[in-house]
Amino acid sequence: MTTHDITITINGEAITATVPARRNLVDFIRQEAGLTGSHVGCEHGVCGACTVEVNGTPVRGCLMLAVQADGAHVTTVEGLADTGRGHRLRAAFQTHNALQCGFCTPGMLASALEYVEGGGTADRTAIREHISGNYCRCTGYQAIVDAIVEVIETGEGA
Amino acid sequence: MTGPALIFDKPNAYIGQSTPRADTNRLLEGRGRFVDDIQLPRMLHAAFLRSPYAHAEIRGLDTSAAKAAPGVVRVLTGADLEGVVEPYVGVLTHLKGLRSAPQMPLAVDRARWQGEPLAMVLARSRAEAEDAAALIEADLDPIPAACDAETALDPDAPVIHPEFGSNLAWERLVDVGDVDAAFARDDVQVVSRTLRFGRHTGVTLETRAAVAEYDPSEDRLTFHYSGQAPHMMQFIFAKHLGLAEENVRVVANDVGGSFGIKIHTYGDEVATAAAAKLLGRPVKFVADRYESFLSDIHARDHVVEARMAVDKAGKIVALDFDDLTGIGPYSMYPRTSAIEANQVLNLTGAPYDLENYRARGRVVFQNKNMMCQYRAVGHPIAMAICDGLLEDAAAKIGMDVVEMRRVNLMRDDSYPRASASGMKLDDLSHQKALNVLVETMGYDALRAEQAELRARGVYRGIGFVSMVEVTNPSPMFYGIGGAPIASQDGATVRLDAGGGLRVSSSVTEQGQGTNAILAQIAAGVFGVPIERVTVTTGDTDTVPYGGGTWASRGAGIGGEAMLQAAHALKEQVLEVAAVMLQSDAATLDIQNGSVVDGSGARMTLSDLARTVYYRGNELPSDLKPELIATRHYRVTDFPFVFTNGAMAAHVEVDTETGLVKVLNFWAVEDCGRVINPKLVDEQVRGGVVQGIGGALYEECIYSEDGQLMNATMADYLVPMAVEMPDIVVRHVETPTKTSVLGAKGAGEAGTGGAPAAVMNAVNDALRPLGATLWQMPMTPERILKALGKV
Amino acid sequence: MKPADFRYARPATLDEALTLMAGEGEIAALAGGQSLMPMMNFRIAQPEVLVDLNAVADLAGVTEMDGTVRIGAMTRYSDLARHDVLARLPLVARALPHVAHPSIRNRGTLGGSLALADPAAELPAVALALGAKVHLASTHGTRSVAADDFFQGLYETDRAEDELVTAIDLPAATAQETYGFHEVARRHGDYAMAGVALTRRDDGLRIAFFSVSDRPVRAKAAETVLRDDPTKLDLAIEALDEIDFTGDLNGGPDMKRHLAGVVLRRAWAEVLA
């Protein structure tokens, strides 16, 4: 088995580990860093549950190898909570019940954050389009759209 | 039912309020507790070798290379589990004649569907387990398969269980009135259609997952699972692994969606528990998405020949149908795979005055993945049959579909009564729900707009459904037939020394907000701020005994138990308070965490509890407060408590591409007393979107030889955000008289009703073009074929 | 769904990458990974060596010279979408939002898409419609291939096993150029049921379909019809019989044939508008 010694800074903390080449980023985050907020939903890049930020850009954690993130800075849902980033979105998600089982939520928040911080408008179709790469089986999406709209319409930042 | 007065309008009553769910904080901050998050010392990871064929003789499994592979600790085959696992059979005695064959977690001798587990590898990591599974040399001899349910009963079809002589698993006929005479009347018009409902599946975002821990020193199994019915699984593991029931603990923490998928006995999970027992160390199995598609239960898969006779006034004179459903090679254990067909026979036409009703259901074995109960069991088929034909008949006689429903729907003042199939009905509001729906959607204006747009070549359709939903089931659902499935649930409420309430319940949480509404009920009925309530569900070691979550029963049954328990505790506390305050209990109440009387707060609950727990010397010696109460509740007067709803879909069909855009969807739901309006609305919306999925997108596509062709999330299409409409939800509240709480279920109505409404809307759009389509999902290709363009 | 084991290399230069590609065994180049990684997770692809191109600086970036835009193979969709050059590539701009979803576009690359040659992907057809030139390199040297000759079958291209796509040349739009693009997909971001990209310039008309055959395909007979007479759309649609339509899970060849006509009609309306 081919292994690599890598260091990934996750939520500000450098994690060094020897990992198999085939270990993907989300498995690294969950297993090596013990941060289980990022979820594995399909392992083929469709559901979006594993979406995390790598150097500030949301990517599928199941379609990137951990070794590819050697030296990178990764932010997960736990990191957002630690720093308060996205607190308005989280509050709006709770108010609107924009999550039920919560399994999609970490990825959904990452995509919502990208949209809001990227200056997205409160246009419902544009929001729906942006989050269409994140699958939610529970809510039917409307509450998620409501939450994002509220965040955009009622203040600055996410 | 009568009960404690004034529980719904107290100052701190939470029932009826959209209180946010406390447990969402955890999930929003990445602190959920899902099964795959569990890492235990010495834990092994399981991967399965699954049958690549729909039907094959297993000549041999050479596991030597797999056993020698890096990281591998053990490889198990079906033969290894013989004597370890007692086979299981998915039959129920009240479904007379239902038959199924004994089943083992790993196939022995013969594989009967593509995806059936053949061998299990236990290794240090999932990756290594997969590596080794690929090294197992399986000597499989493919044999002819019976994949298509429609030909599985043919005389020359391969028989999947030769001992049965045919592939028929179960058959039932309901025949009420004189159907033949009704169709023969010369004053009726008849519509007849063949309806097809594709197989679909749950696609829970968290796949099935299990961690089994076995401690040989105590002969004790702890099974962490992502599922809905801990006590049922406790029984099953005890029985089939030869353990004392009290030595099996089943724990379900956060569950990433279930929808009925996670309430069955899967070979994967049984094998995981068996492996933990055999090896004496923890074993984790988390289905990957591919095996999830291959092995999570599928649903629907019905072909229905149906006809309806109506008179000139639009009155339904008779309904007659024949339903054939394919369930895979076994009836699923323990709920069986005949329930869906049974529901179709029970529920079709249930909203309507119907005198002549004949329904035949046949359930057949086939070499496909197993079919069993998934959200809204049978409802989409039942509603589509009757409401589809109703709208078809309305078109035939030139009657408006709303008017035709008004003619036929049971009158709101006509209950209690029974449906044509004999279902006992009470507290329903079909007519009122339809009126609210028509008003909410602006029906007349929509029809005008539709006509105007048609003239311009834009084809929009409006479709309705009037429906019932089975909720709050009694023991008549499963218990009567011998299944270890409780229909009662328990709640325990304990006042802690700090003045907080610790409550537990045997119903479970999968995101629908069960824990939140239990807290609302406990806080409101007992009298503490909701922040002071801590809820535990999903652990057989600590919660009262009960059935878990299925058939939309959490709020209605679990909620009533909680109400009764909270009220019982309150009476206890007031009795103690009356002694301590030298007052009359009847003059006291509990509000916002304090005992109050007419003059205001007299004592905090913390003061009371600390006195009881720490300074019992201050109490009279004959006063022995418990400060804990448990109550159980089951529905006794009815087999099921039905809800009703009326829904409408507004769609636009692109007649060149066959694509359907759902423009609007309205749902009016009567689930009795609404405990948390926001959560109920969201259950309805989520359910409607799953229903739209079934109507337009979702289908397990099989090749003729039984290969699932679209076992990826890129190819099995679930609804995503941009195609879905905003959904307007309204309520009519007709509380059920079977409980004090008055709540019925709300979890499945959307999924049960939306497909019929969407189908009707699409057909309403297509009819001016001389086309209709009676097959779900209504894919672009099928629509274009119906239009004659392909 | 864990990939089979492989050796991983992350070259920093193109030369290093090409040397690795010339090695023994089954070697796969890893670009954005948005198609290759799923195939590896399903174990449909089991390379022995994975050559990660993400650190090869020579492969990124966009340059413009003499009316030609050169896009480095490792340019990601989202970087391209934000790039000023997109003003000169209106057809690319039109197609990009249809490629999957934002977090996929944040990783996926133009070179990766062309090298994979998924018959349902947008960008290969766009490259065909624009008459792109694909630059290839190996340890034996460099060469360039016209898009017309590059796509050779289902996931088959003219790229040799040891070659890498290094860049794609696209002609910058001229003032007279008009273009059209239309796809029909079951869901936004899905691979289309059928789609078409087309450009009309002084020097001709190029129509390229995707998701109707085993590869992105030109419709040359239809091009001829419409070049001669832009109003003869029905005739052009009839001429689509030249395409070897192949079905997929969304429908059979007849369905693809029908939808090809629909998307052409809609895209042509954009051209004429």
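So that you can tell them apart, the chains are marked A, B and C in the order they are listed, and the count of residues begins at 1 in each.
Heads up, the rule we're going with is that a contact is a pair of C-beta atoms (placed from the backbone, for glycine too) under 8 Å apart; a residue touches a chain by one contact, two chains touch by 3 or more.
Values in this document were obtained by computation on a predicted structure and should not be read as measured data.
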item: Shortest chain-hopping distance from chain A out to chain B; value: 1
item: Chain pair whose interface holds the most contacting C-beta pairs; value: A-B
item: Chain A and chain C, separation of their C-alpha mean positions in angstrom; value: 28
item: Distance between the centres, which are taken as Cα means, of chain C and chain B, whole angstrom; value: 43
item: Chain B, residues touching no fewer than two other chains; value: 127, 288-289, 712, 714, 719-720, 722
item: Multi-partner residues of chain C (at least 2 other chains); value: 1-5, 42, 187-189
item: Chain A: positions in contact with at least two other chains; value: 1, 20, 22, 43-44, 129, 132-134
item: Residues of chain B defined as touching chain C within the complex; value: 125-127, 130-131, 134, 288-290, 656-657, 659, 697, 701, 709-710, 712, 714-715, 717, 719-720, 722-723, 779-781, 784, 789-790
item: Of all residues in chain C, those that touch chain B in their complex; value: 1-5, 42-43, 184, 186-191, 193, 249-252, 254-255, 258-259, 262, 265
item: Chain A-touching residues of chain C, taken from the complex the two chains share; value: 1-8, 10, 33-34, 37-38, 40-42, 50, 52, 54, 78, 100-104, 106-107, 187-189
item: Parts of chain A lying in touch with chain B, wherever the complex brings them together; value: 1, 20, 22-23, 30-31, 34-44, 46-47, 49, 76-78, 80-81, 90, 93-97, 99-106, 109, 124-125, 127-129, 131-145
item: Complex contacts: residues of chain A adjacent to chain C; value: 1-2, 4, 20-22, 24, 43-45, 48, 51, 57-60, 62-65, 67-68, 110-111, 114, 129-130, 132-134
